[in-house]
Amino acid sequence: PVVSVSVLQYGTAHWELDHIQHRGLDREQGYRLELRLVANLPASRLAVTSGAVHGAVADLLWVQSRFRDGTPYTYLPFSTQIGDILVAENSTIRTVADLAGKRIGVAGGPDSKGWILLQQVASQQGLDLAASAEVQYAAPPLLSQALKRGQLDVIVTYWHFAARLRGEGGWRSAFGMADLLTALGLKAKLPVLGYVFPAGWASGHRPLLDRFAASVRRVKAELAEDPAHWQRLRPLMRSPDDGAFTALRAGFLDGTPEPLTGQRIADLHRLLVLTGADPDKLMADALFFREEP
Amino acid sequence: MTARAGQPAAWSYWVVLPACILLWAVIAATLQTPLLPSPGEVIVALRSEATNGQLWFHLAATLARVTVAFVLAMAIGTAIGLAMGRSTRTNALFDPLLVVLLNLPALVTIILMYVWFGLVEVAAVLAVVVNKVPNVAVTVREGARSLDPKLESMATVYRFTRWQRFREVWLPQLFPYLMAATRGGLALIWKIVLVVELLGRSSGVGFKLHLAFQVFDVATILAYSLAFIAIVQLIELALLQPLERRATRWRQPETAHA
Amino acid sequence: MLELRIEGRSFGLPVLGEIFTTICQGDRICLLGPSGIGKTTLLNAIAGLDGAMPDAAVPGRNKMRVGYLFQEHRLLPWRTLRQNLAIVGAGDADIERLLASVGLAGYADHLPDQLSLGMARRAALARCLAIQPDLLLLDEPFASLDPVRATELKQLILDLLGRYPTMAMICVTHDARDATELANRLWYLDGQPACLQWDGTIAAQSGVESLVQRLRTLDQVV
Amino acid sequence: MTARAGQPAAWSYWVVLPACILLWAVIAATLQTPLLPSPGEVIVALRSEATNGQLWFHLAATLARVTVAFVLAMAIGTAIGLAMGRSTRTNALFDPLLVVLLNLPALVTIILMYVWFGLVEVAAVLAVVVNKVPNVAVTVREGARSLDPKLESMATVYRFTRWQRFREVWLPQLFPYLMAATRGGLALIWKIVLVVELLGRSSGVGFKLHLAFQVFDVATILAYSLAFIAIVQLIELALLQPLERRATRWRQPETAHA
Amino acid sequence: MLELRIEGRSFGLPVLGEIFTTICQGDRICLLGPSGIGKTTLLNAIAGLDGAMPDAAVPGRNKMRVGYLFQEHRLLPWRTLRQNLAIVGAGDADIERLLASVGLAGYADHLPDQLSLGMARRAALARCLAIQPDLLLLDEPFASLDPVRATELKQLILDLLGRYPTMAMICVTHDARDATELANRLWYLDGQPACLQWDGTIAAQSGVESLVQRLRTLDQVV
């Protein structure tokens, strides 16, 4: 049997899936993993939507909104990385309150979850970021450039773009994303990125999905155990220099999610509500993939 | 083969499009997939965007960009096209550059403009203009090449001023080329503006389209597209077609009838 | 051969009035009339170019071959004379012969724009003869030609008419001498709207002078 | 105002472009920023992509798509343009639909095609064709409208066959419009192919460009763009310009000289 | 007034040979010659349209106003007659008067394509006269015109020449009668390459017959 997954070439999921293929972790589990490489996120979503592949990597908010629109996906945790809030090393921005009146760049548009959470926290502190700061949405690479050229004071971007910048030196996180979650009364380390499979297909291929999940678990363990594996993946990470390499590896491992439990699913539901999902139309528990005990 | 008859009946403009919408409605009703919303759903989406004010805000932003870019691109492109079409020397010199600019992907110009000028409005409009000018130039150049030399020498003998030559001799001959450039150009500019907005603006239809695209909200995508298309349709009916009728009246001298 | 039933033609204003007549095989008609009266309009109507004449009224017109020398030459400017003639179906030998007969030997590979206007009109005449028409419509064939050339072409046409006695011809001209030399029948178009003021035969022996005299009287009457 | 002189010297094609490259090199050398790589760096990027075979693979994929889409779009667009230009009735009927299709954002057609047909090659090419056809049609329609009625009636009298009428009467008159559509079209198609590849293919220049964009590898972006532009330049010099010279020779009959 | 120094003109093949002569104020020249010999080429050269003549050789030509009736009418097809005349600088009253004088009263708001060919050529003649030229170049002004109209126009031109005695005219025609009536000087162009075979004055009293005779001899000589 085959599981085909669409991933961003050189994206973080590509690293572990490539490792699965390289080490034969899929055949070990008795299935074959096929990758369909794409160049950007929308392409990946389009692939799974149009049924060209079985699965793709997507974030929880997207899965929720698709669920609301009547297209349920089964959600298998991939990473807990939410993103990062980056400023220059010598910047005075250290708390959410410091953001008032600053030029903020946001990756992925107003729906991006890091930005939504940030706004939630700010509004708890009585600060309306959208109104009091100058917000600019743009593609992440453009944001990195704008930050470097001093056209923006702070950017809210994807974690691997942030990791690269930090690896280069001269940039730091303004404050941890995890702190934001705790400020909102949520557990840190919630798996907000996951492999998604159309629910219909997933329920029909539950054993296959189990095997896929098993190999994903294996690969994360292997990558955590032996740094040597990472050397082989370095070209897939676009051959970063050592600083960025370390930051990327650490970031990836740091994002390894714990298995889903009832408690975590409840937390995820709370997160969804916080980000504006309708509490009556939250993704069903059954859609969160829980490994067989 | 049919001769160009007089003015067609006004109703004939409203046959095929409604028929297509009907067809769409029928297909949508049979398929019942969120990926092909029915016309009704699109109208609901349109109405909701209109009432919450989003539609007007983003449409206005896009329209402003399109207008500025269009005027600039047409003026510059026509001048370049004329110069290149009238002189083989100028053409030979600048043709390779024109080919490069023509085929430079929008992505490249957009990135370069944003990077150099920052994520500002000027960069956005400039990126569009750079993308569109070669297109206008290529079309107008063909027109300039096919100007009638007999009328040229008439204008020389009768000492037409530069302005007279342009207005009385060239413009009527270039008119169909300019119309082609205008129609194709409006469409192209708006498509580039979409990409420009997608990559680095926080307003405009392109920005909204992308948000809708994130969640495959095809109804909203279509709602915004159709809103813009309705405006173009309006321009077409209220501006371009009357202009065209006026300017090409001389082409259709009455044919004899019994 | 062709029964002409024109109820009138107008471009907004009426130009032609009622014209009912018959063109027979072998008719050689010269069409005279003031400038702008409607001669070209009449030829177009006969050639079926204005689409106003119901074809049913003219039995056989669709099978009739019409050779029309337009008032402008209307050669394809992007084709050489050879190609222009070949398109209407002339063979290679024909082309050389026809061009030579209108005094354009050696110009077969010229483009129309490389000729003088008189030469282009002669080339158009060659094209017109190339299709061996049943009905020959000539709109001022001798305009822009020097007298020597004009006489040669007149002879060429006369030869052709002699060779194909079933061919009919309608030739617009402003020259009474041309009329007496070419035609056996004369149409005089005038009036507002224009009608055939005179549709009669010309006896070959009646001199030019008497015809000119006759036309002058007509001119004053209308 | 200058008359179109004879054929310009071959060298004149190679003045402005090299000058621009020189200028670029100088600016790049002064700025010393990775955002504007020097021509040398682009060539290094190009060479490395060429030697590892990536360049050829992706370029071939893109070219194949461009070719198929171009041929289809030109053929269909010309037919539609002719029909609409020759009959005001047909035009009135289909014009609103044309305006809609012309201004439908590429994104919309691409999404719809991919969603309906899946992420297959056919969908990709179809999306491009749907995007391009209205453009060709609009240009050719202007050409069809300005066809000379005098030659039309000549063709009627001399009983030209349909094919003769098309080839001998219409084609030479449409030629400049077709050239404009070809040049602008090649550019447009390649730009749409980029988006199409971006959204749903795992090969092609568009795919590579976006990967390079993720890390702002401007050198690679330019390398791929220029590789494609070089091909278009080649088509221009080896195909279009000779064709143009042949087809428009009749326009430039020698002028008298002393 | 104008010293003509043409060393030759060629389109690949030589068309005109050496032509050295002088055009004086008040000269009324008729240019005759076979079709395709180079008459139009010569007029273009005189009007400075082929760009081959060094302007320095012709002192004052740049200040000279040239009214050129082309062999085709070359009216702007997208402008009415009124606009066509206004562009070259004719005032409103002038336009009406000029159009009336060429028999086109009431056609001021017609487009050129709404006229017959003969009417369009008359309109072009009106344009040519509208600029009050110092030098009038007429390429077959009476082609496509009926005799009555032709006589009227001839009279119009004669009146004009009488009114402005400094005006010079060169008129291409194929008709010896036109020549005797209009001209006081005659150019006969012929040969390969073409030269002025005859450049002489015409006495008004010398009849048409003698001129025709003379031209016939020339034809046979060349």
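To keep things simple, chains are lettered A, B, C, D and E as they appear, and every chain counts its residues starting from 1.
Assume a residue touches a chain if its C-beta (ideal position, glycine included) is under 8 Å from a C-beta of that chain, and two chains touch if they have at least 3 such contacts.
This structure is a prediction, so every number in the text was calculated from the model and none was measured.
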item	value
Touching groups left behind when subunit C is ignored (all other chains fixed)	one piece
Best-connected chain pair, where connection means C-beta pairs in contact	B-D
Between subunit C and subunit A, distance of the C-alpha-averaged centres to the nearest whole Å	85
Whole-Å gap between the CA centroids of subunit C and subunit D	48
Centre-of-Cα separation between subunit E and subunit C, whole angstrom	27
Residues of subunit B touching at least two other chains	3, 35, 111, 115, 213, 216, 253-254
Residues within subunit C bordering two or more other chains	11, 44, 72, 114
Multi-chain contact sites of subunit A, meaning residues that touch two or more partners	42, 49, 139, 145
In the complex with subunit C, residue positions of subunit D that touch it	150-151, 153-154, 156-158, 160, 164, 168-169, 172, 247, 250, 253-254
In the complex with subunit A, residue positions of subunit B that touch it	34-35, 111, 114-115, 118-119, 198-202, 207, 210-211, 213-217
Residue ranges of subunit B in contact with subunit D within the complex	1-9, 12-17, 20, 35-36, 86-89, 91-97, 99-100, 102-108, 111-112, 115-116, 134-135, 138-139, 141-143, 145-146, 149, 162, 165, 176-177, 179-180, 183-184, 186-188, 190-191, 194-195, 209, 213, 216, 218, 221-222, 225, 228-229, 232-233, 236, 248, 251
In the complex with subunit C, residue positions of subunit E that touch it	11, 32-40, 71-72, 103, 114-119, 122, 140, 143-150, 174-176, 219
Sites on subunit A touched by subunit D in the complex	9-10, 36-40, 42-43, 46-47, 49-52, 139-141, 144-145, 164, 238
